[in-house]
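Here's the structure, in structure tokens; my notes come after.
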Amino acid sequence: MMDKNIVKQIRDKAKELLSNGTIKCVLGYETGTDGMNARPAFIYEPEDVDRLIFDNTCTHNLSTYLRDKRENPVAIVVKPCDARAINVLLGERQIEREKVFIIGIVCQEVVQVSWGELSHDAQMRCKICNQHTPVIYDFLIGGPVDESAPKAEPPANVTAMEGKSSGDKVDFWSGQFSKCVRCYACRAVCMGCYCTVCFVDMLDPEWVGIKIATPENQMWNTIRAFHLSGRCIGCGECARVCPVNIPLDLLNMKMEKEVGEHFEFVSGLSSEEPAPLASFLKDESLGIGE
Amino acid sequence: MNKITSKKDLASWLDGLMKDKVLIAPAFVDNQSVFKHVANVAEITFDFKNTALSVKEWFFPATEPLFTIHQKDGDTTLEPIDIENEFVLFGIRPCDAKGLKLLDKVFLGAPTDTVYAERRDKTTLVGLSCLEPSPQCFCNSMGTAPNNADDVDIMLTEVVDGYIVEAVTDKGKALLSVAKLSNSKLSVPKIKCPTELQVKNVPEAMKSCFEDDYWARIADRCIHCNICAYVCPVCHCFDIRDYPTSEKTERIRCWDSCQSPGFTCAAGGHTPRPTKASRLRQRFYHKLLYFPERFEDFQCTGCGRCVALCPVNIDIREIITDVPKLGEKSATKA
Amino acid sequence: MQQKPNPFIPYMSTIKSVADLTSDVKLFNVELDDPTVSDGFNYHPGQFAFLSAYGIGEAPFCLTSAAHRKAGIEFAIRAVGTVTNALHELEEGAKVGIRGPFGNSFPMEDYKGKDIIIIGGGIGMAPLHPVINTIVDHRADYGNLLIINGARSPQDLVFADEFDVWAKASKANVELTVDRGDDDWKGRVALIPDVVVDLNPSPKNTMAIICGPPIMIHFTLIKLKDLGFANDQIVTTLENKMKCGLGKCGRCNIGDKYICVDGPVFTFEQISHFIEQF
């Protein structure tokens, strides 16, 4: 379902920026081969801007591509959640602000995306979203949104998992991780996973190893969740891309809930505030021996 | 005159097979159909299109020991792997069965991978025709068809309250000796996939567009995970590494993919495919040019899994359609 | 019917001796434990085998011994990674595994009657070593033999103790060069491609066999072409990451070839037709 006005504004802005040479590439969305769901689009020429679309199937977090394209100035189409990802990347000095022209979209919602199927069910992140306007942008498309509705509750599936017994949780996650085939799509799609050599690929020393088996899969997925704590912006792409339907976003949502409670911190609201678990402040109290 | 069995008789036949063989069949787990060991017929789902992971994992597992090394009291011995059971793989689709035939060219070619060969020998394939191919399917264009029985031991095609049963090989006939079959005038319908592609000219066209920007443009959105390689019934790259424990060491083989960054990195630093574009290009060149040059068949059975599961919609059908046009473009340039 | 052997299981072998060739290269002489296997283990110059350090892993190495000498299976191994460093820890008597021999070989029969130029850089001498010894041991079958051997420094020349043997009795013209000399070094200090130009060999009835770091091969190739060598007169042995040696794991795939099965020996004529240039 496309809002023609939003699409026209994106195309016009893209054409303007490409034509005047401000940027080399527009990272946006186009319709995929099933004719229903969007896919990432990289537009290099002004005459190609009509490929760009925007609708509620634009699930991809395009900020994950910014590091690869950081040599040249680019423009990027972002939803509010994606915009927080840009703040995380800026805060971690992975991209330069001057080289990214942010086209922010006031987003209504994104639906479940599965090739060949058109869904009408909103994604979990949209059900709990209270930030429909991007926190960072150079050009905003879409009107102001009334955010006065009460703050969203934690996701129902996180609360349900918290309510399970330890034994049930262990059983649940062993079952899920027994399915993992270590395709690393979760890592590949995540804007926060950009290490040149990921811990799981290190063979000397070997932290996890190449064996595709439940204990190793468990190590892989839980350590990744820890490495993202305080940095994850909850786009849920990791769970969407998993070919064996492991609800990975549950782990990340839980970690963000914990970080929120312990540090009163929400990732990506600003590019200045360092992530609590990824930073060390000299004058911070450790709360030991005091 | 075809043979037919009722749904009830099929269930009891499968039940009987489980007495001395391990039955692998499709089941519904976590909102997905998967092939798994089933302990009783009630676990089987007969109503599925195709599984996310192909059947290759039953012959070429994601992780398996190649042999075991025992080092004790200064003595080193090597212990081969034993495949103890016999298997029946029920519900395999023609695209996956063709995939196995293509994997055979790689693994059974001299020197034979004996563990893979033993698994193939000890497994009887009971296929299930596709009456309703999915939108992503294009097996007709890749040398097989939704009801092609060539690559299985037994082929079943669902009809009203039963299945047409075709015994394809001697192995299949042997397994059917205890099945309750009757004669039927029903015939196996011809089914076609929704997409038809022209692949014949692709290999030649690929030879002239190797340096084309096209591959870098597709690689722009590729995130370089391993989904396409792992769900594909015919991708076969693997890694080998030793895993010692206090008792023994296993030399393990695991799935790997030409898409992963370290795939061609050698100790000493030489990295032949450093860029994403070169790795993405390798995938399609291997499937549509190199494998056909070596084995006279495409390394693709049209199952459509990569099409449906690629997180960023890199679609081999689109590439197959685009490449001949690129070939023409560079031919006119020359 | 005899069961086919599992091609992933190595032959149990024992290290007979370990010698230091340079500060980071050791020469391993290994014997297959089973005499039947040992008798049937026939290999030719250019082929390689996998050597297993049990519990660590396995890696491919060129067979540096000349089989006809029947003096044990030798590997010249530089310590660069996990497996090679583990092998360097092993001593005489240690158990290792050998899988092979794999790959194609230099067509020594086709080289008979020709002048041969061997150009080796650093550890690249290892696969050329059996070629040289085959020619030296069958001297009358081959024409002139020119050996150009270069290394980073004098201490990095790998088969230094054989230079005199090769040079003696006009067996070969041995030209050495280093990138960096020392106080005792009286020889050339030059890069291999420049030595080739200086020696100005004629391409007439000659085969040039090169092995070494990719950049050395690249520039030497250019100089040889300038001198009039045709692509099918220049041969090399390619080194890529290999895991199975059987043409199955996909790592060494280049075009429709697997380096472990169709190579590692290729003429530059063949390489020029590869769609992908490494």
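Going by the order they are written in, the chains are A, B and C; count residues from 1 in each one.
Simple rule for what comes next: a contact is a pair of C-beta atoms (placed from the backbone, for glycine too) under 8 Å apart; a residue touches a chain by one contact, two chains touch by 3 or more.
A quick note: this is a predicted structure, and the numbers were derived from the prediction, not measured.
Distance from the centre of subunit A peaks at C, each centre being the average of the chain's Cα atoms. Centrality by C-alpha centroid: the chain sitting nearest the overall protein C-alpha mean is B.
Subunit B has its Cα centroid 32 Å from the Cα centroid of subunit A. Remark: subunit B and subunit C have CA centroids separated by 38 Å (rounded to whole angstrom).
Centre-to-centre spacing of subunit A and subunit C amounts to 50 Å, using the average Cα coordinate of each chain. In subunit A, the residues touching two or more other chains are 203.
Contacts with at least two other chains are made by residues 239, 241, 256 of subunit B.
Multi-chain contact residues of subunit C (touching two or more other chains) are listed as 81-82.
Partner subunit B is touched in their complex by these residues of subunit A: 32-34, 37, 39-42, 60, 64-65, 68, 114-116, 176, 179, 181-185, 187-189, 201, 203, 209-213, 237, 240-241, 243-245.
For subunit B in complex with subunit A, the residues that touch the partner chain are 30-32, 34, 52-53, 62-63, 134-136, 217, 220-221, 223-227, 230-231, 239, 241, 243, 252, 254-256, 260-262, 276, 307-313, 315, 317-318. Residues 3-10, 12, 54-59, 80-84, 95, 97, 214, 239-241, 243-244, 246-251, 253-256, 275-276, 278 of subunit C are the ones that touch subunit B when the two sit in their complex. Put simply, subunit B touches subunit C in their complex at residues 66-67, 69, 71, 76-78, 80-81, 106-107, 109, 111-115, 117, 207, 210, 236-242, 244, 249, 251, 253, 256, 258, 263-268, 270, 272, 278, 282, 285-286, 289-291, 293-294.
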